[in-house]
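As written, the chains take the letters A, B, C and D, and residue 1 is the first residue of each chain.
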Amino acid sequence: MTNSKNLRRLLESKSILKVGGAFDAMSAKLVEIHGFDAVWAGSFAISAIHAVPDASILTMTEFFDAASKMAQTCEIPVIADCDTGYGGPSNVSHMVKKYENAGIASICIEDKTFPKQNSLLENGQNELISEKEFVAKIIAANEARQDKNFMIIARVEALISGAGMDEALKRATAYEKAGADAILIHSKKKTPDEIFEFADLWKSSTPIVVVPTTYDSVKNDELISHKIRIVIHANQTLRAAHASISKVLKQMINADSLNEIKEEISSMNDIFKLQEMYDIKSKEKQIEEKLRKLGYVQ
Amino acid sequence: MTNSKNLRRLLESKSILKVGGAFDAMSAKLVEIHGFDAVWAGSFAISAIHAVPDASILTMTEFFDAASKMAQTCEIPVIADCDTGYGGPSNVSHMVKKYENAGIASICIEDKTFPKQNSLLENGQNELISEKEFVAKIIAANEARQDKNFMIIARVEALISGAGMDEALKRATAYEKAGADAILIHSKKKTPDEIFEFADLWKSSTPIVVVPTTYDSVKNDELISHKIRIVIHANQTLRAAHASISKVLKQMINADSLNEIKEEISSMNDIFKLQEMYDIKSKEKQIEEKLRKLGYVQ
Amino acid sequence: MTNSKNLRRLLESKSILKVGGAFDAMSAKLVEIHGFDAVWAGSFAISAIHAVPDASILTMTEFFDAASKMAQTCEIPVIADCDTGYGGPSNVSHMVKKYENAGIASICIEDKTFPKQNSLLENGQNELISEKEFVAKIIAANEARQDKNFMIIARVEALISGAGMDEALKRATAYEKAGADAILIHSKKKTPDEIFEFADLWKSSTPIVVVPTTYDSVKNDELISHKIRIVIHANQTLRAAHASISKVLKQMINADSLNEIKEEISSMNDIFKLQEMYDIKSKEKQIEEKLRKLGYVQ
Amino acid sequence: MTNSKNLRRLLESKSILKVGGAFDAMSAKLVEIHGFDAVWAGSFAISAIHAVPDASILTMTEFFDAASKMAQTCEIPVIADCDTGYGGPSNVSHMVKKYENAGIASICIEDKTFPKQNSLLENGQNELISEKEFVAKIIAANEARQDKNFMIIARVEALISGAGMDEALKRATAYEKAGADAILIHSKKKTPDEIFEFADLWKSSTPIVVVPTTYDSVKNDELISHKIRIVIHANQTLRAAHASISKVLKQMINADSLNEIKEEISSMNDIFKLQEMYDIKSKEKQIEEKLRKLGYVQ
């Protein structure tokens, strides 16, 4: 079963999918190990580990590279955050082929102008492109995919940009009609009210996706009862890594010896396991066994 | 002042340099922010975030890419762990040019066979190449560098491989004679005894470098009193990240809402600062100001 | 049909396959356009366009990148020259997964020591690894592939290294037994005599592959009559490009105007066609048509 | 002397600089060998060898990678064609740092909308961004460079887009005032008339750059007499390579043996020389000599 088919199945069989944010192959593997349904290869987190602003500074090549390594490492599906699609319809068309070929299950594109700025940045630029222009990108994505299971998520930024609920619904409807397989409705409010209003006014069966970074008190049951089908925990892994790396460095620079460190760190063995270091040793044995059968080893 | 010159100066002016391990630009930046003297771009940690074994599976291209991004991000010097040098003397020669051009301050190569395995792996392969072969690599590194400040660290694996103290000293002496600027003596013992023995028998002024991953109770004062000049805290940042990502994921998959999470995570704002997100906003203002002067803005 | 399946079918249906050497996506596309059965992504030519020696200076990452772009561009199968496999069995194992995932149809590995030097270089180093070590790499390649159609070509360097015909046959037999799907027997002689001798002594049905760079007078019929199944024209495209670029530059530096140039150059239009520049225009029209249907365009 | 300083010196000392187009390290090296003053890393040619349209399909990462390899290979300066700057002022700012760090001597950006299409494509899209927007990019480039010698070339597309001579002059003046070090005035006419008109109306000492792809009958003396300071032969090397690769493939697919090929191809030795294959052998000897002195070789 392909990764995109797998994502479709999960969506059919579960009331809500939990998607965990990752920024490299290790964090993606940990998302899988801890039982999430899918990995979110988010551009905010990937920009952050490159220490550059989340403002279209990294190129598609670098975001693709990150998402592609996650797809190679994980068995659960990877959903790639593709910002504005890195250009116009032609760029989206090439992008979809590239991502689909790499075994990525889904891409998400948003209706802001290029270059974009992070949606949660205070006083950030959140201008929308016209509905027509974004519909053209969705059409291009649709034409470019080879497997209809490859999922195209359209991210509506109307609430973020201040264009209002009617515009959000109008655009979501237009994007669905143009071929989007799911609608990500984004909000930077502290409460889920506008998300719930949107969801309640949404009459279609096309799944709704949310990213409750700012309205983090929302409960799973509430999301499910408002028929939200996918929830993305986009950046908590990155923020946990940032916090713990900072703490361990602070302790190390002040400590007399490493064993004074209070911050919990994994053992070398934990890392070896994640890397499948021992897999190399077991494969070496298998080869040794075959060499024996072929008479090269006594 | 170049990064390599900077590293030389630090070595002259301080009793011991503290070097913090990093695996991407963000962790390198955090090493800098917390006051370390230099960054260690370690192949174990870089392999780990790619979720592949530390066994020469990643190529020089990928290790270089990681170290190069750290050098672009940091003002403190970056020391690149270059494993066995990725081949013979010709490979080392091309490697040194590439790393020096990228503003990396120093490279470290070790005297094991290629492909190598992590030195701390139980039952790992730790075969040494001949002294002559490794001396040839040091000569090649020396000839290739353009700036004599670019520092070549020779890592002696004789204690790791079980070849013994005499062999370790013999090789360290040979490597120094061939042009190594510092000797990294590695050990997987639980105590610093063999490291201290080596250091006490070492009569040259060529600096000794250590990585106390296993003998983590050793104190800074002890290192200094044994005339060890550089200490690398190679993998604690990675292990802290691994631990905290794991914990936050475990909490998120079980939580009813994100605000129930107990694991400390940095704020979005902390990350925006590290990415210099606000720098973009201030540069936008500068440009606006210039545009005003040129008459484009009222 | 996958690319590797396609290669197997071609091998079944034709008396001999003609494979053309390429070094970037454009040359690969031209190999396809001119009717060759497959593309050879050769490490000599790929090294040459990077202006570095063919001596394991480029890493697997760079060779993979080149072969992978060819596979994305072409519909005919791509055979990737993987030198010595870039390390030991573990490296070969990771390599095979990477290449197979990228849609490359086949890999070829040779039994020389790493780092290698080009086989045709005068006084070049052509030391062989032991039969056992190379058999271990073939076993690793075999275990790693997911589709049995992915073709593993073992390149025997015994004739190049001076180890002789008996050793060549002994090794070819061992490699076949270990799982090689084809044997590339390489020679730097001016005549095909030793190749023919090898082929005549080879009693198995496992296909023989040759690269007649030095014995370039050999005729197709002769190859077929000696039951050679695949012939690779590895580097003539590169050498043609080198010659014509040199000539046009020499003419341009001396000319009064560009239209004095005698060297034949393709038109801008020829290049636009190869790039599928017009495909963008026609896709733009398709999207325009869809936008019209959706009511966005009058 | 840095590469950018070198470019400035050449501009001071010569009546006109001849710049040769390249698309990989080999073609760049050949541009140098044949006596050109600088290398043009052109996006049309680089797109072509990737077999993708010249329409912002490749990302900055890929164009940078190509230009960066040229700068590593050549001693003459490399001028990088950076299309529209790959985004807004923030992108230009990051871009300039990256290119300058890599030893590239100069970048050229043009005033078209992103994504762009090749200027010579029939019916291609050639919309201009506003003067203000482009001035903002030039300001950003200026602020970002560390060495004032790093040259910023502003490419005026007003004649290509049909905006006319007055607009071209108005924009060129504005770009110069904003900090451009040279003005590339582009034209797709069959004669140099409009270029000469522009040059004659241009009263500033800021150098004019031209690319006579379509008006290829223009003579060097004419360019010099119209005070044009830099002429770029952008794509003839690519078109020569395309033509000769096509011819040799056509001949090979039809030939009975390789030695029947009529197309002139360089010898293996010519390629070995360009790759500095023999340099490896001579370095091996140097190292052997040092090993002898150190007593490792008898």
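One rule holds for everything that comes next: contacts are C-beta pairs under 8 Å (C-beta built on N, C-alpha and C of every residue); 3 or more make two chains touch, one makes a residue touch a chain.
In this text the structure is predicted, and so the values were computed from the model without any measurement.
Enquirer: Treat touching chains as neighbours and tell me the shortest step distance from chain B to chain D.
Expert: The fewest touching-chain steps linking chain B to chain D number 1.
Enquirer: Quick check: more C-beta contact pairs at A-C or at A-D?
Expert: A-C
Enquirer: Approximately how many whole Å separate the CA-defined centres of chain C and chain D?
Expert: 30
Enquirer: When the centre of a chain is set as the mean of its C-alpha atoms, what distance in Å lies between chain A and chain D?
Expert: Centres of chain A and chain D (C-alpha means) sit 37 Å apart.
Enquirer: Hey, what residues on chain C touch two or more of the other chains?
Expert: Within chain C, the residues that touch at least two other chains are 52-53, 55, 90, 280.
Enquirer: Show me the residue ranges of chain C that touch chain B in the complex, using the header's touch definition.
Expert: 52-53, 55-57, 59-62, 86-88, 90-91, 94, 114-115
Enquirer: Using the touch definition up top, name the residues of chain D that touch chain C in the complex.
Expert: Its residues touching chain C are 18, 20, 24-31, 33-36, 44, 47-55, 69, 73, 117-118, 120-121, 123, 212-213, 216-221, 233, 235-250, 252-253, 256-259, 261, 263-268, 270-272, 274-277, 279-281.
Enquirer: Which residues of chain D touch chain B once you look at their complex with the stated criterion?
Expert: 72, 89-90, 93, 97-98, 101-103, 131-132, 135-136, 139-140, 143, 174, 177-178, 280, 283-284, 286-287, 290-291, 294, 296-297
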